[in-house]
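Chain IDs A, B, C and D follow the sequence of writing; residue 1 opens each chain.
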Amino acid sequence: MAFKIETVIEEQTARMTLHGELDSLSARVFMTEIEKLSGQPIEVLVLDMEDLDFMSSAGLRVLIFSKQKIGTHLAIYIVKPQELIVDTLEKTGLHHSVTIVDQYPV
Amino acid sequence: MAFKIETVIEEQTARMTLHGELDSLSARVFMTEIEKLSGQPIEVLVLDMEDLDFMSSAGLRVLIFSKQKIGTHLAIYIVKPQELIVDTLEKTGLHHSVTIVDQYPV
Amino acid sequence: MESKSFPGVVDSLDELRAYVGELSQKAGLAKKATYSLKLAIDEIATNIILYGYEKVGLVADFKVLSEITDQELIVILEDEAAAFDPLAREIPDEEDLTMALEDREIGGLGIFLTIKGVDDFSYEYVDGKNRNTFVMNVIKP
Amino acid sequence: MESKSFPGVVDSLDELRAYVGELSQKAGLAKKATYSLKLAIDEIATNIILYGYEKVGLVADFKVLSEITDQELIVILEDEAAAFDPLAREIPDEEDLTMALEDREIGGLGIFLTIKGVDDFSYEYVDGKNRNTFVMNVIKP
């Protein structure tokens, strides 16, 4: 299913809402959105994943890149990821580096 | 320097003459030439390298692919490679799988 | 064996996952197993397309062969690229996976997720083709 | 430090090698050392372009920084991609390299040739950038 992403930046928080399926093709779009933030004084990245139905390792790679690019101080919140995506985050240990929440602000 | 390749097929021998520099861009052209041979009853691949001035690992990769694709029975002859290219073949152990000669037929 | 071909480009991944979804439904796989199989096949197909084909300039299709038995769904990806055995590499271990995000190398997660996600995964190189085989057990109610 | 930028696409490799040739000449490197340095830089730049940029859809330049001293030529490739340390991977060993052509995995040769070809190679990730540093000793006549 087609991937879509919307970004809203407010103060030091970037909020992205992801829809559809995140594979190695659509991850390029996500990557470009993250790249745009580099050099900006972003402290918090909120990823709204309620409508994201699939995420491959290409999506994980963008998460890792975000932290490297924006800075290690960056706090990443993942809002309402679907159960099977949480599974992927846990299996690969990425849940140690992001905070999974039901809403943001928490 | 621009890469060029000419292929002549005669009986069960494919002879390719390589000119210029073989990097990961030009290796794609070489790869396509090799792919065309797959399925044909080729027994000998002669690569004339006298005018080849540079070869990166992308070139080695095509050599490995040739043998996999055309068949393990394939005999590969490399004619007059420049000294620094022989160096690369030796460092990577590829000289065990090809025959370096001054002319072909030997 | 059912067989279907896809062009070897990343644009095919979407349709590939949809097709795996159909096969899973026919075989009666549960939702979670279906997702894991889709993920595993997406990962290996992505590698075939990016590393096996695009990187070296090969233009070729890849095939999905499949068979549904009483006990299992078997899916095989078959490609024309240079031989590559996903099981020959080291996959990340426990320690790698608990490292902080910012310190980690980005590689190896795709094959890791594949192996962890299916009931059986195997590889062979036959007749000049790579065959990656995925097996999911079907649990009959 | 001299600095030059190149677009992060495989079409840049030709011009990159020509530029490394110029630097080598200025530094007074011998023919063999010049070739090894060109090869090493071509290999790492290829990886930056294919894996760091194109694979993930990043569109960016990479930079060549250089310095010539009495004893050495130092060249640094600087890129914007995700962190990747070429030294963190296992490189092929003796045994791998004597295996028959048709039985071998195709990976790892690029980094191997890089490390073997230069007098010193190092990697660091600084300020969100990868820096791969190549050093060649200059032997004065």
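The rule is short, and it goes like this: a contact is a pair of C-beta atoms (placed from the backbone, for glycine too) under 8 Å apart; a residue touches a chain by one contact, two chains touch by 3 or more.
Molecules present, by chain and UniProt name: A, B = Anti-sigma factor antagonist; C, D = ATP-binding protein.
Source: prediction; values computed, not measured.
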| item | value |
| --- | --- |
| Cα-centroid distance, subunit B (Anti-sigma factor antagonist) relative to subunit D (ATP-binding protein), in whole angstrom | 24 |
| Distance between the centres, which are taken as Cα means, of subunit B (Anti-sigma factor antagonist) and subunit A (Anti-sigma factor antagonist), whole angstrom | 45 |
| Averaged-CA centre spacing for the pair subunit D (ATP-binding protein) and subunit A (Anti-sigma factor antagonist), given as whole angstrom | 32 |
| Multi-partner residues of subunit B (Anti-sigma factor antagonist) (at least 2 other chains) | 24, 58, 61, 64-65, 68 |
| Residues within subunit D (ATP-binding protein) bordering two or more other chains | 50, 55, 82-83, 106 |
| Category of the chain touch graph - line, ring, star, complete, other | other |
| Interchain contacts, given as pairs of chains that touch | A-C, A-D, B-C, B-D, C-D |
| Interfacial residue positions of subunit B (Anti-sigma factor antagonist) with respect to subunit C (ATP-binding protein) in the complex | 24, 27-29, 31-32, 35, 38, 58, 61-62, 64-65, 68-69, 71 |
| Interfacial residue positions of subunit A (Anti-sigma factor antagonist) with respect to subunit C (ATP-binding protein) in the complex | 1, 21, 23-25, 54, 56-58, 60-61, 63-65, 67-68, 72, 84, 88, 91-94, 96-98 |
| Of subunit D (ATP-binding protein), residues touching subunit B (Anti-sigma factor antagonist) in the complex | 10-11, 13-14, 17, 32, 35-36, 38-39, 42-43, 46, 50, 96-102, 104, 106, 109-110, 112-113, 116 |
| Complex contacts: residues of subunit C (ATP-binding protein) adjacent to subunit D (ATP-binding protein) | 50, 55, 82-85, 88, 90, 105-107 |
| Subunit B (Anti-sigma factor antagonist) partner contacts - residues on subunit C (ATP-binding protein) that touch it in the complex | 55-60, 82-83, 125, 128 |
